[in-house]
Amino acid sequence: MIREGILEALQLLLRRDASVIDAATRSLWISIVAVIAATVVGISAGLLLARKRFPGRSLLVLLLRVGMSVPTVLIGLLCYGLLSRRGTLGELELLYTPTAIILGEFFLALPIVATLTHGAITRLDPRAFETARTLGAGPLQRTVTYLREAKLAIALAVLTAFSRCFTELGIAMMVGGNITGRTRTLTTATALETARGEFASGVAMSLILLSIAMLVTLAIALLSREAAEQVS
Amino acid sequence: SDRQPTDGKPESSKTAVPHASGSSPPESVLKVASTTSTRDSGLLDVLLPEFEKANNCRIDLIAVGTGAALKLGEAGDVDAVLVHARSAEDKFMDGGHGIRHEPIMHNFFIIAGPAADPAQAKGHDAVSALQKVATGEHRFVSRGDDSGTHKREQSLWLKAEGRPEWEDYVESGQGMGPTLIMADEMNAYVLTDEGTWLKQSDKVQLVPMVKGADDLKNPYAMMVVNPDKSSAINADLANKFSDFLISKRAQELIANYEIKGQRLFHPDRLKQETPE
Amino acid sequence: MTSPAQSTTRSMIDITDLTVTKGGQTICHVANTTFAHGSTVGITGPNGSGKSTLLRVLAGIETAFAGECVVDAAVKDRVFVHQSPYLFSGTVLSNVEYGLKARSTSRSIRQEQAVLWLERFGVAHLARRSVESLSGGEKRRTALARACVLQPKLLLLDEPLADLDPAGIDSVAQSLNKLDASTILITSPSPLPPDLTQATISLRQE
Amino acid sequence: MIREGILEALQLLLRRDASVIDAATRSLWISIVAVIAATVVGISAGLLLARKRFPGRSLLVLLLRVGMSVPTVLIGLLCYGLLSRRGTLGELELLYTPTAIILGEFFLALPIVATLTHGAITRLDPRAFETARTLGAGPLQRTVTYLREAKLAIALAVLTAFSRCFTELGIAMMVGGNITGRTRTLTTATALETARGEFASGVAMSLILLSIAMLVTLAIALLSREAAEQVS
Amino acid sequence: MTSPAQSTTRSMIDITDLTVTKGGQTICHVANTTFAHGSTVGITGPNGSGKSTLLRVLAGIETAFAGECVVDAAVKDRVFVHQSPYLFSGTVLSNVEYGLKARSTSRSIRQEQAVLWLERFGVAHLARRSVESLSGGEKRRTALARACVLQPKLLLLDEPLADLDPAGIDSVAQSLNKLDASTILITSPSPLPPDLTQATISLRQE
């Protein structure tokens, strides 16, 4: 099955199978957009929770940690409830669009980025905060400094979130609908092939997904290294 | 389950008249919820493009569990529903969720089982085959998911004077494909729809036990969702799609659809040519 | 921090019975003391007598204290150098430019100033080096240059001489001389070189 | 849907619905066993990759990072291939048992624990390693020391892995089979309810899952704090 | 590290033209030098002259060097104290017990010894305190006690006096006196108190 899967994956890639490329591209950009949004919000939240003292802070930290355990099926259900024509945002007609998947994956990635960033910033040497302040750094410069000092941990947080989104199934199925050519992603395609008993094709889809993940992993590693050098 | 009289205005379609100037006229979209086994049969891959081309529209097919498909219809999130669960369809229509109910085609459920046939179910009708499986406490995998197939299984058990509890009666809670694989792995008896069976029969070691009997008839129907639910529901196009499915052209496509050299569906609206 | 009584001839720092308590113990106590504008004052006292704590209070980092402590400089005009300095990952130069960046100094002036102060502390040749590979004394010099380049109204140096060689101590003395406008406090567990400070106060273990 | 879901969740919990408690218990112990196994192996791998130099080390680090992007459907497929009657381990008759799910979730959790632990140890102050060595600590004491110094990050790694396993669906479906009373977990139950169109019940199942996740999150927080105090 | 020439009257450390190179630069060079068993020797030199590097080589931490360096003690019998000591999170006591634990000393002796050495360094009252709240000098004393309690054959102290008050320096002198069997090397950027060491070697900036 694995050997057949590898062969089929190679074949699909070599003949540039249109539907596979379509699903792969969609998988990639959906996850990237969702993760970028979650990174912006999640890093801010993580920083805030690590640096600012306010009532309810530890509760929020706990909730975000628990938030990592929200199953994708639940996110899918809740987003469906929101985007359904009967739902609050029904008028936007977003159900069964890539945007709907992005919305769901955003909520999937957010607690991961926020929790791991919070952890990373919390673990920084307290002198780092004091030094930045005493040298007069404003909020922006301070933020950049803290992120740079914790850059490996934060890069891993983003990578973890990306992996989660790129491989998730529940949201894409539920609010994406796995519509051919519209909202089909590599994971829903894998699930489809698997449900049809086409196991080798399922493996092939997953392997294509994995090779893209490898590129993204490398990109994140390089980006975080470069970011480190640039901001300095 | 009666047809409402709303189905008769196929000409008033906005989709048939593309915007004059635009280089790419806005496509009109029909959202159809179907069951996964219907999608997995591959028939829709033949039917949908034909309709899309003819009507310059797009069909978004959302394949989910039977219950979920009906719920999407109830919520007005889709324009049409294509399922095979007769009693649930009736409830849907009675609840005013649908304005049109069109039987399209049918095929048959199959009871499959291990080639050794420990229950000696072969050659019996569906009900007694099940009884034999139950009394021998042989392994049986049920979908247990309230799908059309599961509902049929339940009604068969009713006819068999109820289903006794036994250890090896397993509920998979999954779609037909995975359930069939599970039955194969477990060397168990299973009730499956013909489409899934044909698609996967070369991958499993199970063999058909009971086939083609009347109480295993599996009718597929199309329902148009009540447009009162939402202004966004494209009832016109849904009606057109219904019209298409019962048209001679589509019925012939259905009749000629083959998997591995075998015809899979019997059209309901092509009376003179339907075999049987 | 209330406004001082005589605003005309006020001093840089006015301390009235300052007490810091941690874990139920007084860890720093300073009776009435004033530090004049522009003065360089040594603060000595045994280990654990509260020298670092005092500087942290004056820097505005430690805010939980009893008593009064009036400083005639905004928090952003006070710069504190840790007893064991923390350098941001990056180069020596980027560290020295850090505070100037915060003050939106233009790029060219920033670099010029940074190099100037690195020279004064004898480490200009390390400007492009990553801070991880510095020796203890080199780190200290970098941190001191990073603080002095800002020429803050109040400069709080926590044991700046700890790991410096005689030449380094000399460079500190000369560098601090260049900061006419600054009030400078220097702690040390042992007596400071007399030419470095104009006065010295002593803390006692509580 | 959410309100109905909350109400139904409460009802199910209050009347101690047997099938829900059954699925919840199973979900919990399966994930715990899988995560404990992955923690042991993953922490060892993370430590080794952070501390020992050997050829192919960075490649291994990269592979483990990419390993976080293996979709559960693929793990499910591969485990199925292994455990199927025709598979290498077919004789063990493990397919459609909780053990099969544990095996799959182990592979799901392993790269997460290993990658995040590796990151945590890499970020430690190099003097920590030197100090432990110069004071003569043997391999075991050193290991304990490094883990303690990185305990927050490692606790988060374990929590992240647990969240992933506890909420995963693909493996439990594929090799567990979602069999009532035997391999049904809270997520497969959620998926089933969703497929049946019983959205509120799906939400209820997920909420029960979430409340268990909350307890586990608290437990991990407390455990990592206590571990810190005990080993010292 | 080859075995020494004369094994009968051999010295603790025999250095022949030791050179450490980093980033293309010689960062530490020591010509032929020996350190006798049981001696206490000071190593002075300006910042960046390679003092810490030398100690790291002798401790067996830095292994990339040219030349020869023979140490008559297994690596596990040498203990190095960083210029800026690293304390493990936990209490002062747990830190001082750390090396004893590694040597499987029984629990009661461990604690007794640890407290004894904490007393010698004047910080026994801090035994139960978490290390995060220590002052600079208190951290230093803890680290020194943690090393001395092991009574290693070779004790390598990198600038141990840097942040100690006069009493602390005194306690170091007295504590080191108790370690008759140990060879002790002490670095400092400035001249060391003469009563502390029997000899001093000087490094020069390369």
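First chain written, first letter: the chains are A, B, C, D and E, and each begins at residue 1.
Heads up, the rule we're going with is that contacts are C-beta pairs under 8 Å (C-beta built on N, C-alpha and C of every residue); 3 or more make two chains touch, one makes a residue touch a chain.
Since the model is a prediction, treat every value here as computed from it, not as a measurement.
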Joint neighbours (subunit D and subunit E) are none
Chain-touch separation of subunit B and subunit D, in steps, is 1
Contacts shared by subunit B with subunit E include exactly D
Per the C-alpha means, the centres of subunit A and subunit C lie apart by a whole-Å value of 44
Separation of the C-alpha centres, subunit C versus subunit D, in whole Å, is 49
CA centroids of subunit A and subunit D: separation to the nearest Å works out as 18
Subunit A to subunit B, mean C-alpha position gap in Å, rounds to 36
Among all residues of subunit A, those touching at least two other chains are 194
Multi-chain contacts in subunit B, i.e. residues touching at least two other chains, fall at 175, 178
Touching two or more other chains in subunit C are residues 84
Every touching pair of chains is listed here as A-B, A-C, A-D, B-D, C-E, D-E
In the complex, the residues of subunit A that touch subunit B are 84-86, 90, 93, 95-96, 177-180, 182, 194-197
Subunit E contacts subunit D in the complex at 59, 61, 76, 78-80, 82, 84-86, 88-91, 94, 98-99, 101-103, 146-147, 150
Residue set of subunit D touching subunit A in the complex reads 1-2, 5, 62, 65-66, 68-74, 76-78, 80-81, 112, 115-116, 119-120, 122-123, 152-153, 156, 159-160, 162-164, 166-167, 169-170, 174, 186-187, 190-191, 194, 199, 202-203, 206-207, 209-210, 213-214, 216-218, 221
Subunit A contacts subunit C in the complex at 125, 127-128, 130-138, 141, 145, 148-149, 228, 232
Interface with subunit E, subunit C side, in the complex: residues 22-23, 45-48, 52, 83-84, 133, 135-138, 140-141, 158-159, 162-169, 189-190
